[in-house]
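Each of the next two complexes has subunit A plus one more chain, namely subunit B in the first and subunit C in the second.
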Partner chain A sequence: MQLSRADLLKAYRTMKMIREFEERLHIEFAAGEVPGFVHLYAGEEAVATGVCMHLDDRDKITSTHRGHGHCLAKGCDVDGMMAEIFGKTNGLCAGKGGSMHIADLSKGMLGANGIVGGGPPLACGAALAAKKLGTGGVAVSFVGDGGANQGTTLESLNLAAIWSLPCIFVIENNGYAESTSCKYAGACHDFADRASGFNMPGVTVDGHDFFAVHEVTGEAVRRARMGNGPTLIECKVNRYYGHFEGDAQTYRARDEVKTIRETRDCIANFEKKATSSGMLAASELQETSREVLAQIDDAVAKAKAAARPGAADLLTHVYVSY
Partner chain B sequence: MSRQISLQQAVNEALAQEMERDKTVIVMGEDVAGGSGTQGEMDAWGGPLGITKGLWSKFGDRVMDTPISESAFVGAAVGAAVSGLRPVVELMFVDFMGVCFDQILNQAAKFRYMFGGKAVTPLVVRTMYGAGLRAAAQHSQCLYPMFTHVPGLKCVVPSTPYDAKGLLIQAIRDNDPVIFFEHKLLYSIRGEVPEEPYTIPFGEANFVREGSDATIVALGRMVHLASDAAQALAQEGIDCEVIDLRTTSPLDEDSVLESVEKTGRLVVVDEASPRCNIATDIAALAGQKAFASLKAPMAMVTAPHTPVPFSDVLEDQYIPDAKRVAAAVRDTMRYKA
Partner chain C sequence: MAQHQAPVGIVANPASGRDVRRLVARASAFPVSEKCHMITRLLAALAATGVTRVLAMPDRGGITERLRRAIATQGPHDGWPQVEFVEMPIEDGPADTLRAVELMVAAGVAAIVVLGGDGTHRLAASACGETPIMALSTGTNNVFPEIREATIAGIATGLVATGRVDATRASRRNKVLRVEVDGQQTDLAVVDAAISNHRWIGSKALWHPELLSQLFVTFAESDALGLSSIAGLLCPVSRRAAHGLRIDLLPPERAAVTLKAPIAPGLMASVGIAGVCEIRPSEPQSIHSGSGVIALDGEREIEFRPQQRVAIRLGLDGPLTIDTEEVMTQAARDGLLVSRHA
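Now for the complex of A and B:
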C-alpha cells in the first residue's frame, strides 16, 4: 500500500504521541503522581502504529498490560486515557480500570489486559462476530513474547486457523517476558515459525521499522478481509523501560537501551526516511512534535485537576441489571 | 392435560426458540452438533448427552463444534459477546473450568466494571454439574459456589423443566454473563412446560412448598430431596417450607429471611462440598439478619469435604439424600435452648 503524505504525517503524529505519552508517564510515575502498575510502550511505537494504520472502527484489537501504544494507535482519546491512568472519574473507564485495563469499545479497543495471554481468545471471538455479522471487520491480537508461550495463544492460533477467522496475531517480541529472556523461555527460533504448525502464514519483521511493519500488516489485513484467514506476525522490538516502572532492569546489559536508542530508534529512523525521500519536511515534523507535546502537557494538567471518583461509584457498573 | 416434557427437552426448546427469535444467538462447544469434519453424519451427537441435538439441522453454522480448547472457545464466546453476538457456549462439564477459568473470571466477569460501565457482555455458559453418574472426581463436582463468589457473573441452578426453560431464555436475553448449571441427573425428569417462550426473572426464589415449622432452602437437584423430606416429615406432623433459590447470584435474600422469620428454623441443602458453599452463605445470611427469629441452630446438609468418589457405595454415601435432610429437620425441631 502506497503511503500518502497525509498517511505519513498521521503515522508520525501517532508514534510521537505514544513516545511522549510514555516519556511523560515515566516522569510522573517517578514523581509519585501515578498510582498502581504502569508498563511503558516506549521503543515499540512502530508496531502499534504500523498495524493500526490499516484498521478502522469496524476492526477490534485486544491488547496487553503494555497497552498505551495500542490504545493511542487505535484512536482512544488522549485526555480520557491520561485521566484513566491518573484514576480520575472522567477517565475512559471512569477510573475503575487504570493503566492495565484501558478500553474504549466504541473505538474497537477491547482492552489492555492484566492477564498475559488473555487477549487472543477474545480476538478470535471478535473476528468470529465480524464474520457472522458480515461487518467486513478484522481483529488484531497484540501479544508479547511472554504471552506467546501461553496456551491461550496457541489454542487461539489453532481456532482462528480452523475457522478461517479474520484475525491477525501480532507478537511483539521485546526480548523479555518480565525479566526472563525469550530465548530461554521459547523453544522456537522465531515465534513466527510456529505459524506453519497452524497452517497459516508467519512473518518475522523488524519492529523498529514502521514501513516494514506497515507493509507486512497490510498484506495480513487484506488476506483477513478477503476471507483467507489469519496471519501470525512477529515484530522484533525493544522496550526502552523496565517490565514495569520501578524495575531496576539489572538483567539487561549495561548500555543495551542506550545503544538501541542511538542506533535503532523507530522514530529517528522514520524521520530520516521520510525527510530524505522528500515526502515530509523537517519543519513539518518539528511542528507535529510541538503539537504533540502541547497536547500531552494539556492532558496531564487536566488529568491532575480532574475529580476523583466518589464513594458511591464503588458499587456501580458491576452488572447491567441485578 | 398440559404438555409434559423433560428438562433436557426444555433446554433444547429454549435454545431453539431463542435462536429462531434472534439471529445473533449462536451455540458453540465441544460436539454440540457432532460429526464436524467426519465422513459420517452431521449433528451426530448434539452434545455428549444429546441436549443440543437437532439445533445444527435447524440453524446450520450458527451451531459450531469446537476443538477441545476450552480457553480458546470460551474466550472466543466472551470476545464475540462484546462484539455483537449473544453466544451460548457449552462447557461440557463444569469441572473443566480449570482449563478456561481466566476467560470467565478475569475477562467476562470484569469487563463491565473495569471498563467503567461501557461494556455489555451478553454471554451464557451452559455447563453440566453434579454427582450420581459414577463419573468420579473430575466429572461430578458442583462448582457453582466458585462462580457465585465472582462479582460480575450471574449463576442459575434450575431444578425443574419449567424453570430450566424460563431461566435459560432469561439468561440468553440478559445483558450480563450468566453461568447456567444443569444437573446430569435432572435431564430426564419431566414436568409441565408451556410451548411458547417465557422468562423467569433472576433473583426470585420459588416457594415449592409452604410450611410453618421449618424452612428448607435448596437448589438444583437438592430441591427434589428437600421436597421428598418435607413430604415424609408431614406424615410426622412437621410442616416444612421448601424454598428453591433458582439463582445463587443474584440471591433472593428477602424470601429466605421472610421464611426463616416465620418458621424460626433453617436447614440448607447443598450438593457442593461444605466449605464456602451456598449452604454456608445462606446460613450466614440468616445468622446476620434473622438471628432473633431463630429457635434452633441452623443446619447444613452437604456433601463431605472430599473429592467425589467413583465406587457406587461411596458415591451414594457422598451425595446428600432425603433421609439426611429429614433427620436434620428433626434435629432442629428437637432443639431445646
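Now for the complex of A and C:
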C-alpha cells in the first residue's frame, strides 16, 4: 500500500499529538496536577499510529496501562482524554477511570487496563463478536513485554488460533516489564518466535519505524479481514520515560534514553523521510506541530477548569450498557 | 596436527528469519535458540579439527546470553575452543555485523562463519576483505549461504583455519554488485539488486513484484528461491561465470512475456518480463527510475530520489567463501580425520 500525502500528514499529526500529549502530562504530573498514576507512551508513537491507521469504526482495540497513545491513535477526543486523566467530569469516563482505565467504546477503544495481560482475552471476545456478526471488523490487542508473559496472553493466542479469529496481537516490547528486563524475564528472547507454537505468523518489526509498522500491520489486518486468522507482531521499541511517572529508572543505563532519542526517534526519522522524499514540506510539518501544541494547550486549560466528580456521582456509571 | 592457531570468527545475526515474510509468504521462523544450537555444533566440530580459539560477535538479541550459558555448562569432554566475544558497541542492527567482521579481520581470524540470510552475508561480504567466509543459512530467501548442517560446516572451516587443506582450492571467489549513488559507492549485493517503485524502505522485504522495474543478479540458479529465481528460470548464470544478468521488468498485465517465479517461500508470483541481457564487470548500469528503492539481496535498503544518479556495477572481486564439498573431499582423500593407532 503506497501512502498518500494525506496519509502522511495524518500519521504525522497523530504521532506528534501523542508525543506532545505525553510531554505535557510529564510536566503536569510533576506539578501535582494529575491524580493517580500515569504511564507515558512517548517514544512508542510509531506503533500505535502505524497500527491504528489501518483500523476503522468496525474495529476494536484493547490497551495496556500505557494506553494514551492507543487512545489517540484510535480517534479518542483529545479534550475528553485530557480531562479524564485530570479526573474531571468532562472526561471520557466522567473522570472516574483516569489514565489506567480510560476507554471510549464509541471509538472502539475498549479500555486501558490496570491488569497486566488483561487486554488479550477482551480482544478475543471482540474478534469473536466481529466474526459471528460478520461485521468485517478486527480486534487489535496491544500488549507489553510483561503482559506477553502472562497466561492470559498465551491462552488468548491459543484461542484466537483455534477459532481463527480476526485478531492481531501487537506486542510492544520496550525492553522492561516495569523494571524487569525482558532479557531476564523471557525464556524466549523474541516474542515473535512464540507465534509458530500457536500456529500463526509471527513477525518482528522495528517499532521506531512508522513505515515498517504500517506496512506489516496492513498485511496482518488484510489477513484478518479475509478470514485467515490471527497474527502476532512484535514491535521492538523504547519508552522515553519510566514505567510510571516518578520511576527513578535505576535499572537503565545512564545515557540509554538520550542515545535513543538522538538516534532512533520515530518522529524525527519520519520528518526526515517525509521531507526528503518530497512528499511533505518542512513548513507543513511545522504548521501541524503548531496546531497540535495549540490543541494540547487548549485541552489542558479545559481540563483544569472543569469540575471533579462529587459525592453525588459515586453510584453512577457503575455499569455500562452495550 | 597442524600448529596454525589463528582464531575463527563466528557472526550470527539474531534478527534473521523473523521478518514480514512469515506473514505475507509462508517462510519458516528461525528462532534464536536454534541459532545457538548451531553455534554449539560448530564449536564441537572446530574443536575436533584443532581450532583452539573463537572470536564471536556479541549481541543483545539472545545469542550471546545463550552461548555463554552453553559454554558454562558444556560437558567435561566437549573441549570446545575458547570463545571470546569481540569488544564493540552494540547497536542491535546491521552495523553490528559490519563492525564485528571488521574487528575479526583486524584480529587476524583465519575464517569467519556467518549465520544469517542473504542480507547478513551481504554485510559480511562488504567487510571481510580476503578472509574466507563459511556461509550458513539461517535467513529466509537464502541463495548465497548454504543450507548445511553446522557440524559439517565447522569441520570444513576448521580444516581451512588450521591450514590442513589446500586453501586456494578450498575457497571460491564470488561476484558482487556495487551500488553507486551520485558517483559514490554506497553498498553492495552478493546475489541480486532490484529497483522497486516502493517509496520507503519500510519492512524491507519485497513481495509485490509488480512494483519492480529492474533486477540485476551476480548469479542465478534455476532452483533458487527469491528474486534471483526470476533470472534463474529465464537464463541461468553460474557463480563462476564472468558475467551477471539484468532483467527489465513490467507489471504482468502490460507484458508480452510473463514468468511464474518463487520469489519467497511459498509465494509464486507472476512477473512481467521486458528484456534480459548480460552485464559485464565494470560496465555501470544506470538506473532510470525517477525515485524508488534499491533492494539488495531481497531487502529494501536505499531510498533514492529523482535528483540522484544511481548506477549498479558488477564486480568479480567479491568475498571468498569456503567450498565445503571440496574441503570434505580433500579431507576424505587425504585422511585428514583419520588416526591410526599401533
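As a working rule, the second predicted complex is superposed on the first by the 318 of 322 C-alpha atoms of A that agree within 3 Å, B and C clash if a C-alpha of one lies under 4 Å from a C-alpha of the other, contacts with A are read in each partner's own complex, and residues count from 1 in each chain.
Methods note: a contact is a pair of C-beta atoms (placed from the backbone, for glycine too) under 8 Å apart; a residue touches a chain by one contact, two chains touch by 3 or more.
No experiment lies behind these values; they were computed from the predicted model shown.
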Three-chain arrangement built on subunit A, subunit B and subunit C clash or fit: fit
Touched partner set for A:L128, first subunit B, second subunit C, both or neither: first
Touching partner for A:K273 - first (subunit B), second (subunit C), both, neither: second
Which of subunit B and subunit C A:V205 touches, first, second, both or neither: second
First, second, both or neither for A:E219, with subunit B first and subunit C second: second
Greater residue coverage of subunit A in the superposed arrangement, subunit B or subunit C: B
Geometry of the superposed three-chain model: angle at subunit A (Cα centres of subunit B and subunit C, steps of 10 degrees): 120
Partner chain(s) touched by A:L3 [first = subunit B, second = subunit C, both, neither]: second
Which of subunit B and subunit C A:S196 touches, first, second, both or neither: second
Shortest CA-CA distance between subunit B and subunit C [superposed frame, angstrom]: 24
Residues of subunit A touching subunit B in the complex: 60, 62, 91-97, 101, 103-106, 110-111, 113-115, 118, 120-130, 132-133, 135, 139, 151-152, 155-156, 158-159, 162-163, 316-322
Residues on subunit C engaged by subunit A in the complex (per definition of touch): 14-15, 18-20, 22-24, 28-29, 31-33, 60-62, 65, 92, 198-204, 291, 303, 305-306
Of subunit A, residues touching subunit C in the complex: 2-3, 183, 188-190, 192-193, 195-196, 201-205, 209, 211-212, 214-216, 219-220, 223, 231, 236, 273, 276-279
In the complex, subunit B residues that touch subunit A: 24, 26, 62, 64, 66-67, 69, 71-85, 87, 102-103, 106-107, 110-120, 151-152, 154, 174-176, 203, 250
